[in-house]
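Multiple structures are listed underneath, in structure tokens.
Heads up, the next two complexes both have chain A, just with different partners, chain B and then chain C.
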Partner chain A sequence: MTQEIESRVSAALRPVAPREGFSQKLLARVMAEQPVRPKPRRLFSEGAKPLAWWLTASLAACLVLAVGVQQHLQQQRLRQSGLEARREVVEALRMTSQKLNLAYEAVKNQSTSLADEKSGV
Partner chain B sequence: MNEAQDPLDEQLVKARLGERAALALLVQAHQRSIYSLALRMLGTRDLAEDLTQDVFIQLHGKLRAIESNKHLGFWLRQVTANRAIDQLRRRSRVPMTSLEDEQQFFSAESDADPLLQRHLRGLLADLTPPARAVLLLRYQEDLDPVDIARTLDMSINTVKSHLKRSLETMREKTVGMQLARCEDNPI
Partner chain C sequence: MRKCTLPIFLALMFLALTAPAPAWAAPNPKLLIPEFSGLAQKATESVSITLDPALLAMAGRFLDGNDPQDAATKEVIKGLRGIYVRSYTFDKDAAYQQADIEAVRSQLSAPGWNRLVETHSRKTGANVDIYIMIDNNQAIGLALIASEPRQFTIVNIIGAIDLDKLHKLEGQFGVPKLDIDLSKAPAQGAQKQRRDQ
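And now, the complex of A and B:
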């Protein structure tokens, strides 16, 4: 039974002919098509020169920009730390001066009271 | 034992070297089979002609990779079946051929019962695209399950299961058809 069905299906599914004129149309289309073989495109090949030039120039510009920005930031950081150090030194000097003034005032007061005591006795 | 040399192998070599007549011979040798596969997969002559054309144009650019006429047949069937499956998947509903195309769907040389042809067409329309491709490669192209599995990149078990289910459906329809005939023509 299965074999009978298989052979009947095979008989029914024989290849069919396409419409009149299709073969000629198909051949004409196939013949008209040239196989397009893409050329291997190297980065610095003749056709790719402008592209490679722009690519290289852009990379170089980016590199220069990056180095410049880096240096500018470094200088800013150095300047900032210098200013901070100067501020700290000025503050330290101011405090030292205050202490010295206090000491001077104390010594001066003490010597005045001693002199008064001697003259009063 | 060496296989007998296929005369079209020589034409393939010439076609690879750019000989147009040889390419024309190869196209003529395979176009009927590829067109039929496309027609029975897609259901309409216009779509089948477009696909056949596209496949042969694609072949022109791939000729260097084709090793023999047998390989050429395999490649053509593989590309046609897979592209048809892709097209069918993109469409939500598969319109099988209209009535005016009915005569084009089966060969005029075929002596198969017209009722069986109608059932077969109904079966093809109901099958999923991969199952339809399996049935056509088996019974139209006469490929064995191993070659079908290679062509459609599926497992042999899947191919066998598609074939089994399709034949069972066909058997049921055929039995129904015979019963109907018995009822129409009582002794």
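And now, the complex of A and C:
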């Protein structure tokens, strides 16, 4: 009984050569069943002209804006540094003059006291 | 051996011609002012101004030529290459050491510097020393050391200082006329000294 089952199973599972044209038919079927992919839309294709234009214009506007902002900030920084330098120059000259005044007062006092001594006051 | 001599000689000549002038060749009016960071912490008020040629030029662009004070300031800084100011004010006497100032004063004994004025006030305890460096009958550097019991100030101005222009600031910043005649500037060691009572 067992032998009969075994022989029937092995007979059923024996390698069988495919029929003629099997491969071609299979490939044709696979190709037929493959979903049609939409063609990617090219940026500068005929239909995409407005999109490309807007994109280019936006990029250019962003670039111009970035350069403008950068220049404005640089100008502001330069102006701040300039005003700070100006303030420091004025402060430095004010302090110098203040100390020169101190020396001048001392020299003047000495001259006055010498003159007083000479005149016998 | 002979082949090598000429290129070496030329290279040495090139180096000699392109090398920067040695320190002794031209007097240098720039003082090495210490940072005084310890004093800055102790001081109630401190001023540290460092203006190099680039900053002076930038400041000049922001001075209004139509404003009399700005115009006078512009004239004064025109020939300058640097202004360095350090000033410290303390809330008590003797908060700083004389050695702090001596570090700067010792540099003024170098050749080229002439002490123009030395004042000492017993009343206020204020000392003001003014030094000037002259090259070709032109003031190229000014150093001012003012020490008071609670304050000391060091000023170093570098460049073609036109004292006449500085005089013109009189009334603007209160710069007095010191009647300084550069042609009669004192030689090193023959310094003018003034002491009041």
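One rule holds for everything that comes next: the second predicted complex is superposed on the first by the 83 of 121 C-alpha atoms of A that agree within 3 Å, B and C clash if a C-alpha of one lies under 4 Å from a C-alpha of the other, contacts with A are read in each partner's own complex, and residues count from 1 in each chain.
Just so we're on the same page, a residue touches a chain if its C-beta (ideal position, glycine included) is under 8 Å from a C-beta of that chain, and two chains touch if they have at least 3 such contacts.
Just so we're clear, the structure is a prediction, and the values are computed from it rather than from any experiment.
Using the contact criterion defined above for the overlaid structures, shared-chain residue A:Leu73 touches neither chain B nor chain C, since it reaches no partner. Touch criterion not met for A:Cys62: it reaches neither chain B nor chain C.
Legend: residue contacts after superposition of the two complexes on their common chain; A:Ala11 is shown touching chain B, with no touch to chain C.
By the touch criterion stated above, A:Arg29 is placed in contact with chain B alone, chain C being left untouched.
Applying the stated touch rule to the two superposed structures, the chain B and chain C interfaces on chain A have no residue in common. Chain B makes touch with chain A in their complex at residues 20, 23-24, 27-28, 31-33, 35-36, 39-40, 45, 48-49, 52-53, 56-57, 59-61, 63, 104-107, 109-113, 116-117, 120, 135-136, 139-140, 142, 167, 170-171, 174.
Chain A makes touch with chain C in their complex at residues 78-79, 81-83, 85-86, 88-104, 106-107, 109-110, 113.
Contact residues of chain A toward chain B in the complex are 1-2, 5-6, 8-19, 22-23, 25-27, 29-31, 33-37. Every residue of chain C that touches chain A in the complex is listed here, in rising order: 47, 49, 51, 55-56, 58-59, 61-63, 73, 76-77, 83, 85, 87, 117, 119-121, 126, 128, 130, 144, 146, 153, 155, 157, 169, 173-176, 178, 194-197.
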